[in-house]
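Letters are used for the chains, namely A, B, C, D, E and F, taken in the order the chains are written, and counting of residues starts over at 1 for each.
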Amino acid sequence: MTDLSRIVAVCPGTYDPVTEGHLDIIRRAAGLFQQVVVGVVAHSPRKDTLLTAEERLTFLEDSLGGSDNIRVEIFDILLVDFARKWGARALVKGLRAISDFEYEFQMAQLNRKLAPDLETVYLMASPEYSFLSSSGVKEIAKYGGKVDDLVPPAVAARLAELFS
Amino acid sequence: MTDLSRIVAVCPGTYDPVTEGHLDIIRRAAGLFQQVVVGVVAHSPRKDTLLTAEERLTFLEDSLGGSDNIRVEIFDILLVDFARKWGARALVKGLRAISDFEYEFQMAQLNRKLAPDLETVYLMASPEYSFLSSSGVKEIAKYGGKVDDLVPPAVAARLAELFS
Amino acid sequence: MTDLSRIVAVCPGTYDPVTEGHLDIIRRAAGLFQQVVVGVVAHSPRKDTLLTAEERLTFLEDSLGGSDNIRVEIFDILLVDFARKWGARALVKGLRAISDFEYEFQMAQLNRKLAPDLETVYLMASPEYSFLSSSGVKEIAKYGGKVDDLVPPAVAARLAELFS
Amino acid sequence: MTDLSRIVAVCPGTYDPVTEGHLDIIRRAAGLFQQVVVGVVAHSPRKDTLLTAEERLTFLEDSLGGSDNIRVEIFDILLVDFARKWGARALVKGLRAISDFEYEFQMAQLNRKLAPDLETVYLMASPEYSFLSSSGVKEIAKYGGKVDDLVPPAVAARLAELFS
Amino acid sequence: MTDLSRIVAVCPGTYDPVTEGHLDIIRRAAGLFQQVVVGVVAHSPRKDTLLTAEERLTFLEDSLGGSDNIRVEIFDILLVDFARKWGARALVKGLRAISDFEYEFQMAQLNRKLAPDLETVYLMASPEYSFLSSSGVKEIAKYGGKVDDLVPPAVAARLAELFS
Amino acid sequence: MTDLSRIVAVCPGTYDPVTEGHLDIIRRAAGLFQQVVVGVVAHSPRKDTLLTAEERLTFLEDSLGGSDNIRVEIFDILLVDFARKWGARALVKGLRAISDFEYEFQMAQLNRKLAPDLETVYLMASPEYSFLSSSGVKEIAKYGGKVDDLVPPAVAARLAELFS
């Protein structure tokens, strides 16, 4: 049997920008696993990001500062390779809705094909964040709407600046 | 921060009977958590069970025998109280399909309301078991269909006996 | 064009028992329509109710007392006939999840076939009640779990009494 | 390669009672396959039927009379064994909604495990029947609602008689 | 209690182009609310529109002309701010399918966070329009397919002209 | 009644690139219908393709070579017109997941409006391919991941070349 004394989990995402919903999932993951590595996808495969990878990493680090067992890293390789590099046994994802479920189900099976030893585990989004997405936040911010309850203060300030 | 050196997880279910799909989820859970307690619901809230609680426990123990960090227990109290009794930090459930997702999402939120410190984590069913349910197995067995690939041999034998 | 000065809406349900989620939908409906009639289904088509129709009506009336434009009525006829009797233009239902959506979509089309002038309108459940159902409440109460935040105090007391 | 000159398809169901939606699927299947066998499940695994198997068969035969390549049969064995008995290459099912999809997906995989050579093919319900189910029809008829557009005339008459 | 004598509802959309499905929802909304304001999103956040905002407004006005309680307006601000400007108590949206439901559920919660007094109410698409979307219409028109039953005649003519 | 001795079915797709999941559906369709025409969409309506239409056709032909009743054709017209041109009675599509179901339901109804005689029939994806999509394959290949089990060898080689 494997040594279970130190299980590493990866929380992957684009985090463009990080929301309170992301932070909730990451903190809950850190209550279940000995070490959590937040993996920031350098380049989103589908569209250009609003923030640079470095900005996205900094906002995560600032919001999660003080957690002993969480670290944040940028990656530009296949997710399963990133997980392997950190010795991770698990990927942790949040599920908000059916469309997440669908996509995640396919990704879980695909990743398992690529890396049979890596489990993907899911946490259901907290009800108060179940409506929250990075793209929703950006759409509100673009029209000058208030996003203070949805993202950390520094992110809200940066979005206001970008869309002013 | 909580001591993370020994995290207990509960895999609850009616297991009437246990299927290869259940065993797959339990074994994968045992690769992620230090101790797994399989919780057998004594009386199903919705319908009578085919097998007694003791039979269901025995089939689980026989199938999982030899795993150091898995034990099987019957319970007849609220799930969150059972989890608390064993000092569990997590419930582990398998997700096969959208209807599972819906039900599980509501249960996760309800259980979180009852026990805020208890996380529910989900593993996606392996593709080869994504079609498998205890009630499907019973329906096949009832008409004399072959269930050997779907449940452990002792369960298949018992079902054949019950429906002969 | 129809006279729109007094639109009646019906909120149908079994309410066995009423939950905070039901009350939220009814109150929100009363902010949109001039008169809301809460219709309590006398006999559930699928299973026996725990509470009598009179008990269910009383708990609703006690919880909604003081709202000028809400009244509660028991009915034992086809829903569209009940709505017609009250001159209702709309049925109001809460949507919590995909499985609700599916069922409601079929009911909406069926009711429209039976009564083309009656619209069914949907309100999304508030996130804090999106996990809440009468059957979930009963299951918790049955095992002695705390349901105080989920139902009105009088309902919680009655459930405790019934399951003691 | 198999001889494709005469492909038999089975349309299984409880048909308690047959609806216009069922007839639509059966007739469309008969436009695609050389021979269609409508298989009437003798005893529903989940609940008692309202009509006897013979009544259900008769209503189907009366409604489908005159179709050269459709026949109706009662069965009380495993569906895949019934299909095999008739030399069927395909099962044909209608899909109305997500919950159908879920259930059907699991049944398709289960049946494929039991009978690898038997394909399950799906036709989407016509929009005008997408809301229609046998249980909905019975619920309406029970309260004296009009079901004339939803089922064949003889079925409507029988339901009126049963619920009077 | 709020004065309910004059409730305004907003029907927001890109309407690129308006379809018979959109018109059905707008007209049904106008049977439930005293005043309906159709809000035409000036710039779609996701992709370029085929028609200008003015064209989209004109096609709506031409199709809805003669309805006393419907007006059409272009907007380029946050939807909740547009609703507030018109004193609207409700947003009215059509639901066609699960993917709509998902997206709409998240938007409803997000908008409620931004404007707690604004309700989002949903009407289920009529079965005959449940398959209809602006992008589907454009795809058909692009290949010279017939869209006469799907959109108003003037829209069909304009699409034919654009894709010729 | 129509002559059913020779039924043609069309399997449409972009096939950018063809996956083992596509091939599984096409081969199963060829077991049900006398003639299968694989229709390769020349230009994807949503995004640029990675491979040319000719490359996509060649990979399909190479993988399906030897099947008497399957041919591959590129098309750049409306799908229903392509089907009509080949005298097809049916379109055959694979269903992997809920999001497929939603999209396919709308397309089926739309196509039926355009061509009432053309049926769309669905086969459920085999469990081992239920996670597989062309875009997933491209994403893995882009980061140098192994796609040998997911696509035919010639496709894997071409992807490696394109992304090197």
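Convention: contacts are C-beta pairs under 8 Å (C-beta built on N, C-alpha and C of every residue); 3 or more make two chains touch, one makes a residue touch a chain.
Bear in mind that the values here come from a model prediction, so they are computed numbers and not experimental data.
A.B. asks: Quick one: which chains contact subunit E and subunit F both?
C.D. replies: Chains touching both subunit E and subunit F: A, D.
A.B. asks: Between A-C and B-D, name the chain pair that shares the greater number of C-beta pairs in contact.
C.D. replies: Of A-C and B-D, it is B-D that has more C-beta pairs in contact.
A.B. asks: Just grab the chain with the largest centre-to-centre distance to subunit A, centres being mean Cα coordinates.
C.D. replies: With centres defined by C-alpha atoms, farthest from subunit A sits D.
A.B. asks: From the C-alpha centre of subunit A to that of subunit E, how far is it in Å?
C.D. replies: Chain centres of subunit A and subunit E, defined by C-alpha means, are spaced 34 Å apart.
A.B. asks: Rounded to a whole Å, what is the gap between the Cα centroids of subunit B and subunit E?
C.D. replies: Here the centre of subunit E sits 47 Å away from the centre of subunit B.
A.B. asks: What parts of subunit F, by residue number, touch at least two of the other chains?
C.D. replies: Those would be 98-99, 101, 105, 108-109, 127, 130-131.
A.B. asks: Which chain pairs here would you call touching?
C.D. replies: Every pair of chains meeting the touch criterion: A-B, A-C, A-E, A-F, B-C, B-D, B-F, C-D, C-E, D-E, D-F, E-F.
A.B. asks: Looking at the complex, which residues from subunit F come into contact with subunit D?
C.D. replies: Residues 1-2, 4-5, 7, 28, 31-34, 67-69, 89-90, 95, 98, 101, 104-105, 108-109, 112, 119-124, 126-127.
A.B. asks: Using the touch rule from the top, collect the residues of subunit B that touch subunit F in their complex.
C.D. replies: So the residues of subunit B touching subunit F come out as 98, 127-128, 130-131.
A.B. asks: Write out the stretch or stretches of subunit A touching subunit E in their complex.
C.D. replies: It is residues 96-99, 130-133, 136, 139-140, 142-146, 149-150 of subunit A that touch subunit E.
A.B. asks: In the complex formed with subunit B, which residues of subunit D make contact?
C.D. replies: The contact residues of subunit D facing subunit B are 45, 77-78, 80-81, 98-99, 101-103, 105-110, 113-114.
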